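Note that the chains are named A, B, C, D, E and F in the order they appear, and that numbering of residues resets to 1 at the start of each chain.
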Amino acid sequence: MSAQPATATREWPDEGSSRVPNWVYTDPQIFARELDLVFGASDWLYVCLETEIPNPGDFKRSQLGNREVVAVRGTDGTINVLVNRCAHRSMQVCTASRGSAKEFVCPYHQWTYDLAGNLLGIPFRRGYRGQGGMPPDFRPEEHGLQRLAVTHRHGVVFASFGAPNESLESYLGERMLGYFDRVFDGRQLVVLGHMRQRIPSNWKLMFENIKDPYHASLLHVFLVTFGLFRLDQQSAVEMDETGRHAVLVSRRGAQETNEATAQMRAFKPGFALQDKRLLDPVREFPGDATVVMQTLWPNLIVQQQSNTLAMRQIVPHDARSFDLAWTFFGYADDTPEMHQRRLRQANLMGPAGLVSLDDSEAMLLSQAGIDTNDDKTCVVEMGGRAVVNEPHMVTETAIRGFYQHYRSVMEL
Amino acid sequence: MVAVAPGMEVGLELRARLADLYCAYDDALNDGALERWPELFTEACVYKVIPRENVEQGFPVALIYCESRDMLVDRVVALRETALFAPRIARRITSGICLRAIEPDGLHLTASFAVFQTMQDQPSELFLCGRCQDRVVDDGGALRFAERLCIYDSTIIPTSLVYPV
Amino acid sequence: MVAVAPGMEVGLELRARLADLYCAYDDALNDGALERWPELFTEACVYKVIPRENVEQGFPVALIYCESRDMLVDRVVALRETALFAPRIARRITSGICLRAIEPDGLHLTASFAVFQTMQDQPSELFLCGRCQDRVVDDGGALRFAERLCIYDSTIIPTSLVYPV
Amino acid sequence: MSAQPATATREWPDEGSSRVPNWVYTDPQIFARELDLVFGASDWLYVCLETEIPNPGDFKRSQLGNREVVAVRGTDGTINVLVNRCAHRSMQVCTASRGSAKEFVCPYHQWTYDLAGNLLGIPFRRGYRGQGGMPPDFRPEEHGLQRLAVTHRHGVVFASFGAPNESLESYLGERMLGYFDRVFDGRQLVVLGHMRQRIPSNWKLMFENIKDPYHASLLHVFLVTFGLFRLDQQSAVEMDETGRHAVLVSRRGAQETNEATAQMRAFKPGFALQDKRLLDPVREFPGDATVVMQTLWPNLIVQQQSNTLAMRQIVPHDARSFDLAWTFFGYADDTPEMHQRRLRQANLMGPAGLVSLDDSEAMLLSQAGIDTNDDKTCVVEMGGRAVVNEPHMVTETAIRGFYQHYRSVMEL
Amino acid sequence: MVAVAPGMEVGLELRARLADLYCAYDDALNDGALERWPELFTEACVYKVIPRENVEQGFPVALIYCESRDMLVDRVVALRETALFAPRIARRITSGICLRAIEPDGLHLTASFAVFQTMQDQPSELFLCGRCQDRVVDDGGALRFAERLCIYDSTIIPTSLVYPV
Amino acid sequence: MSAQPATATREWPDEGSSRVPNWVYTDPQIFARELDLVFGASDWLYVCLETEIPNPGDFKRSQLGNREVVAVRGTDGTINVLVNRCAHRSMQVCTASRGSAKEFVCPYHQWTYDLAGNLLGIPFRRGYRGQGGMPPDFRPEEHGLQRLAVTHRHGVVFASFGAPNESLESYLGERMLGYFDRVFDGRQLVVLGHMRQRIPSNWKLMFENIKDPYHASLLHVFLVTFGLFRLDQQSAVEMDETGRHAVLVSRRGAQETNEATAQMRAFKPGFALQDKRLLDPVREFPGDATVVMQTLWPNLIVQQQSNTLAMRQIVPHDARSFDLAWTFFGYADDTPEMHQRRLRQANLMGPAGLVSLDDSEAMLLSQAGIDTNDDKTCVVEMGGRAVVNEPHMVTETAIRGFYQHYRSVMEL
C-alpha cells in the first residue's frame, strides 16, 4: 500500500486497456464511484428469475450493487423492484429474504406500502382525538418506496436505478441477445437451488475470470483432463459493440494428448473417474457449443457449462470483497434424467465446485497479490492489445473490452 | 455420549459404537486424512452438503452431491490431483449426536457440527456450522453412513468449500 | 459422555439419561422448536441468562429471569407473537457436562455452552459462550431441569438476545 | 454509498430539523466531529452511580464518548473522574473494570498517581547511583492523569471534558430537573446489576428511539397488548429549552379495544400470560405516570418503565455501532416484594427484553436501510415540523428538538 | 463419549473414566481454577503448547514447554504472581476424544479442542483450536496425563497466550 | 479520536524527539507513508536465516513491511528475494509458506519463472495454430518477478526494495556490527522453531519496548525476581550514529534486596521455583553480558536473553496491529544439554513467555490508552532529552534515537 492519492489524481497507464492498474481493485474511492456510476446508473441490472416470484404478492430480496431491493409481483402480475427502505425513517421494510405479502408494513411505525411501493397508510396520520398526526400538506404520493425501472425477457428480470434510454434488447445488442435467447428460449424455468459465497477480492476479478478463456485450459485441471473445455477446440470470444458484455463459446473435446496439451500442465492423461455419472453431459442446445459463458454488465454471468445452468449474480461489498450468488435452474420440461444430470453436474460449480473452486481461490490469491502491490499494473496482452472478437481462446480480448467500457463509464 | 430421543431405549453398547463412528468421521477430516473419509460410508451412500435455505424451500441443488462411495473417492482424488486452493486447515467438531429413530432402513441420527478453518498465517475462524441428518447402517459388521446430509446454517460460504464437512 | 467429578461413583445408565436430557435441550433450540423447550423444565423451575459479571458481583438482575415453566411458555409465546427481530438461526453446542454432586434437591451439574448465530446472508458467528449451572431432578420418571443458570462469559450481547440459550 | 464528500460540503436539507439526512448516521468524519463536539466538549456526561463506588478508593471504569475514564472515590470521599491514560507513554493505568485502590500504578514503569490523578512517584526519577533519571526541571504536577470536571446529584455522577459554564441543575433546566428528581429523590440507590449490548447502528438512533413515542404503540406488541404503554392514554412529550433533553410521560391503560387500537396492528386482544407475575406493576412514584423515559444529552437515558429503573448509557464506537450499557437499580428501602418485582420486570428490558429487543432490532434494521441509502433523508414530521412540547404521543417533536440542538452544536 | 479407534475393544467403564479426566481438565481451566490443573498430570509429565507448523517441520520449540508437574506449578504461580495481562476469560471445549492405542506406556488418545476468549467488555471470540495428543496413565488409582501436547492449528496467537490450553 | 487532519498538517511537538505525539500510532495516512518510506525504501530488511533454505530451490515466504516475498536459494546457491506477485495479472505465484521448487509456476495461467524471478515461459505465447498469443514485441525480460537487492552475513539474510547505497556492514555501523557478530559469529545456525503473534498495537511500540531498559526492571516481575535483568547491574544502551539501531546490554544479578529493589515493586524476594531447570542459564558468549537485545531498523530484533536466541521480525499490518514472528535458533555445535536449555528457556519468550507476555500485553494496553487519546503526547525524558549512548539502564535514550531517525525519514 502506498499513500492513497485522491481519485482525481489517479491516472490510467498510457498503454490503455491492455493494462489494468492495481488500484482499481483496492481504492475505496474508486469503489464508491463504482457504486454510483456502474451499479447505480441507467444500466440494466439482473434481479432474479420470474419463476422465483410466480404469484401476485410473491417477493424475493436481491442486492443490486450495494442496495437491497425487493422484487415483488404486483396484484396485476407485473413485477416491481423496490428499494428496501422505508420513506419515513429509513428502516428496512422487508426483513424476510422471500415470501408472499399483500402489502409491505414497516415494523417501526407501520407505514404501509402497496406492492408497487405506494404509501397506502400511516397510522395516526390524522392524529388521535385531534392531537398530533402528519402535517395537513403531507403528500403520501411523494413518500413511497423507491421503485426502479423494470424489464424482463423470457423469465429473467432486470431493473435499473436510472431511466434507461434503451430497451434490454438494445442494451444487450443483437449478438448478445442471440446468446441470451439460446438459454432463455421462452421455456418455463425451474429453480433448482441457490448457493452463495463471499469472495475476498474485488468484484471485477470475477468478470475478468469469466471473460478470460486463456486460464480455463491452464488452471482447471479437472475441466481439461476430462475434455470439458479445451483451448484446442473450436471456440470464440465475442462482445457487444461497447465491450461491456461478452460470451465465451467452447466445444467439448476428447481426453487426448496433442500439441496443445503439451503446453497445458493441467492435462492429466491418466486420471479416470470411479463413478462415471459425474460426467455424463448431453447435448441440449442447438449448435455444437457445449459451454457458453455470458457476462452481462454490470452484475450477471449466465453459465451454461454442459448441463449446468446458473445465474451468477455479483454483489459487491467493498473494494476487496463481493458475494457471488448462484441460482441454478433447469426447464419445466426437463426429463427426470436431465434433472438428475443437472444436480450431479452442479458438483463442478459453486463454492465447492470441482472446477469453480479453482476460480474463487484464484481470485483470493489474485487479490492477495494485488493488495500489497497496488502500485503495480496487470498486463492484459494475450491475443494482442485490441478489443476485437476472436474465433479462438488464446486471448484476453474480452477483458480489454470490459476495461474499455469501464474506463469510459468511470472517466478514468 | 450419543444421546437418544425421548421414549427410546437403546443399549449403551450401541451408543458407544455410534460414538466411535462419529469420532472417526471428524478424525478423518481433522487429520487431513481424506482418503479414510469414503470408507466411513456404504457403497451406495448419499452424501450432500447443502445450505439450510435450499432444504427449507425444497430445492435439490447441493454444493456437494455424491450418490456413491465412488463419487466420494472421485472427489478426494480430484481435490488431491486437480484443484487449486490456498492452503488451509479444517477442524470439525460435533455436538449433540442424537439417535432419533431405528427404522428398517437404518438408524436415523442428527448432530450439530461446526468447522473452524485456519488459513496460512491467519487466526483460526469459524467457517461453517449446521446440522447433520444421518442414516447409519450395519455394513458387514461395521457401522457406516448410508446417508449423510450436512445442512449448514448460513447461506454464505467464506470463499470456497474445499474439503468436505 | 456426561462426566462426573472426582470421587463420585455414578452408574453409566444415569450418565446416559443425563446425556439425553442435555442433548434434547440443545436440540429444541437448534431445531427452532422453542415449543419443546419449556417441557424440559419442571413446573416450578428457575431459568436465568445472566452475565458472569453480575454473578461475580452478586447482582441479581438477569437478561431472562423465569420462575416457572409457565414463564418459559410466556416467553416463547411472546417471541412468537409479539417480538420484532431480524431473522436468525442459533446453533447451540454443549461440552464438558459434569455431574458435580448428588444432593437431596437433585443432581448438580455444570457444562460449557457456545452459541453460534447466523444472520440472513451473513456468515455464521460465535454469539455467546459460557457455563450452565444446573440442577436436574427426576420429575415423574423424566429428568428435567429444576434450575438452569446460563452464565455467559462476555459482558456484551451482540445486538439482542432473541432466543433463549 | 455514494462517494463521500468532505464534511465541509455536507448540507442539511432545507426543510430543517424535520428532516435528517442519512449521512449523519454513516459518515466517519461526522462521527469524528461528534466525539469532539458532542462528547468531548463542556456538556455533562453520565458516568456512573455514586453507590457503585461507595468507599474511598473504590473505582469503576466508564466510557465517555470513546474515552475510557475511571471514576474513583478519593480519600476525602469526593469523586474523581480520570482519563485512563498514563502521562508517561499513554498506557491504560487501570486494567480492572472495577475494584478498590489506594493509588493507581501504571504497570509499564510504575508511575504512581493518587486517587485525584496527581503524579506521586516515578521510579528512579533521580536515577540510580548518579546515573539517569528524569531531567531536573521535570515537573510532576504537569504530568498527572487528565481529570474531568465532576458533579453529582442525588447519587448520579456526571463529568465533563471541558469547563462547564453551568451547573448540572441549570444544564438540565427546571423542567428536566423535576423529572430527574422524581426518580432520584435522594433515597439511597442500590445497583441490581448490569447488562450491555453492542448495537450495529449509529448512536443517535438510540436517542431517536426513546424520544419517539409514536413507535411505542405500534412496534411494541407486548407493551401495547398488556396496556403498559398506549397512545390513547394521557401522556406528554416535554423538552428543555434547547431541545437536547426530553421526557416521554405515559400512563398505563387497560387491555381493551377502542378507536385507537383499530390503528394499532400491534394490539392482540386475546393474548394472556400463563404466569401473571411477569406483569404485576405497582405504583411507586407520585402522580399517575407509569412510564417516564428521560433522555439527557449526550449519553444518558433514565428509564422508569413501571417498576424497572435503569440508567442506559450510550457509548459510541464508530458511525455504525455503539454499546448500550444498562445499570438496573432500586432503592435501599425497597421491600423484598418490590425487589423481586424489579427483577421480574427486567424481563421486559435489556438485550433480551420482551419490549426493548424490538428496539435494538429496529435500530439494526434502520441502520441496514440507511447504510446503502445514505443519499436519502428521513422524514420527521409526525406532529408537525415545530419543536414544541406536546400533551400527547402522536408526535416526533422531541426528535426534531434533538436535531435542532445537534445541528447547532455540529454547525450543520 | 470417549470413542475408540476402529478395531479396538474397550470397556464402557474405561471410556467413562477417561471422559471424567478430560472433563476435569477443561473444567479446571474454565473455572479459572488453575491451581487444580497441575494435579491432572503425573509428576514426571510432559506438557507442551506448540504450533502445528513446528510439529510438521520437526521443530522442537514450544510456547509452553513443561517437563514436570513442578514446572506446571511454577507456571501457575508465575502467572498468578508475576505476569501483567489484561483481564480475560477462557472457555475450552473438547470434541472427538479418541482412544487410539493402549501401549505399555499408557493410553494414547487424541482430541480436538477449541478455546474461546473473552476480553473485558468485548464479545467472545474464537482464540485457538487444534488437537491434543495425549498419553494417559493410571497413577495410583487416578487417571492422569503423562503427556499432553496441545498442537494448535494456526501459526498466529492473538496477542498473548496467557493461560494454558 | 479527533477529526483527523491531513498528514501534511501534522506537526511534531516542539520538544522534539523526547516527545512522541500519539497520532504516529493511529493515523492511517502516517502508516501508509511508513510502508513506503520506512519499509519500502533502501534500508536493509531482515528476511530469514540462511539455514532455513539450505539447498538450491528451497524457499520460504516472508513479509517485508506489508509485502509478501519469497526467499529462495537459486541453483547456484545464491539467495534471491522475490516479490510474490505474478507479472501477468498479479496473482500470488507461491502459495506454500515454505518448500522446495525448481521454478515458480503461477497457478492462474502458468507463467513460469526461474528461481531468480526471470520469466521463463508463457503458455501459448505464440498462440495456437496461428491464432492468439502475446504480441510479437512482448519482452519477457521486462516481466519477471520483482527481485530485491539481497545481502547476508553469517547466516542472516537481508533485502531491500531500493538500491541501497551502502553495504549491510556500513548500514549497521561498526558498533552494531560488533554486537551482531557476537551472536552471528559464523557458526552454523540451527532453527529450533517458530512462534507468531498478532499484537493489536502499532509496530513502533514493539521497538520502543525493546529499546526501553527502564521498563525491564519494573514490569517484568519474573525477570527481576530471579535476577535475570536488573537495573542495578552494570549495563549499557548504545546506538549507531543515526539512532536507528540500538542494543541493550545487561548482566545477571543475584536475587537480593538492595537500594534499587526498594524502588522496584516488581521484586518479590520470597518467590522460588519448584523445578529449577527452568532457570539454569550458562554463559556462552565472550564477555559478561547475559542479555543483549539488538534492534535493527526497520524490522528486526535480535534477542539473546541468557541462552534463548531468537530473531523477532516485525510485520506491520495497519496503524493498529502488527505480527511479531519469532524464529528461535541455536548452533549446530550445541551440546544436547545446551539444546535442551534453549528449549526450556523459551518458556520465558514468545506469545506465552513468562517475561515477554508482559510486553505484548503492555503493547495492547498502551494502544488502548493511545487509541482514544490521539491528541495527547508521550513523554520520553527518562535519562534526559538527548540522544546519547549511556552506560546504564535508567534512560529512554534509544527511543529518542529511534524517533530522531524516524522523523528525518518521515519528514515529520
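One rule holds in what follows: a residue touches a chain if its C-beta (ideal position, glycine included) is under 8 Å from a C-beta of that chain, and two chains touch if they have at least 3 such contacts.
Keep in mind that this is a model prediction, so the values were computed, not measured.
Here the chain-to-chain distance from subunit D to subunit E, counted in touching steps, is 1. The interface with the greater number of C-beta contacts, when B-F is set against C-D, is C-D.
In this assembly, the chain whose C-alpha centre lies farthest from subunit A is E.
When each chain is reduced to the average of its Cα atoms, B sits farthest from subunit D. Subunit E has its Cα centroid 48 Å from the Cα centroid of subunit A.
Remark: subunit E and subunit F have CA centroids separated by 31 Å (rounded to whole angstrom). Subunit A and subunit F, compared by their mean Cα positions, are separated by 44 Å. For subunit F, residues touching at least two other chains, in rising order: 95, 97, 107, 196, 198, 219, 266, 323, 362, 365.
Multi-chain contact residues of subunit B (touching two or more other chains) are listed as 1-2, 12, 15, 19, 84, 86, 93, 95, 120-121, 123, 126, 155-156, 158.
A list of each chain pair in contact follows: A-B, A-C, A-D, A-F, B-C, B-E, B-F, C-D, C-E, D-E, D-F, E-F. Here subunit E touches subunit F in the complex through residues 49-51, 53-54, 57, 59-68, 70-71, 73-75, 77-79, 81-86, 155-162, going by the rule given at the top. Residues of subunit D that touch subunit F in their complex: 7, 29, 32-33, 35-36, 40, 66-68, 83-93, 95, 105, 107-110, 123-124, 127-129, 131-135, 138, 143. The touching residues of subunit D, when paired with subunit E in their complex, are 95-97, 107, 196, 198, 323.
Touching subunit D in their complex are the following residues of subunit F: 1-4, 20, 22, 208, 214-215, 218-219, 231-232, 260, 263-266, 362, 365-366, 368-370, 372-373, 376, 378-385, 390-395.
On the side of subunit B, the complex with subunit E involves touching residues 1-2, 12-13, 15-16, 19-20, 22-24, 26-27, 30, 89, 91-95, 116, 118, 120-126, 142.
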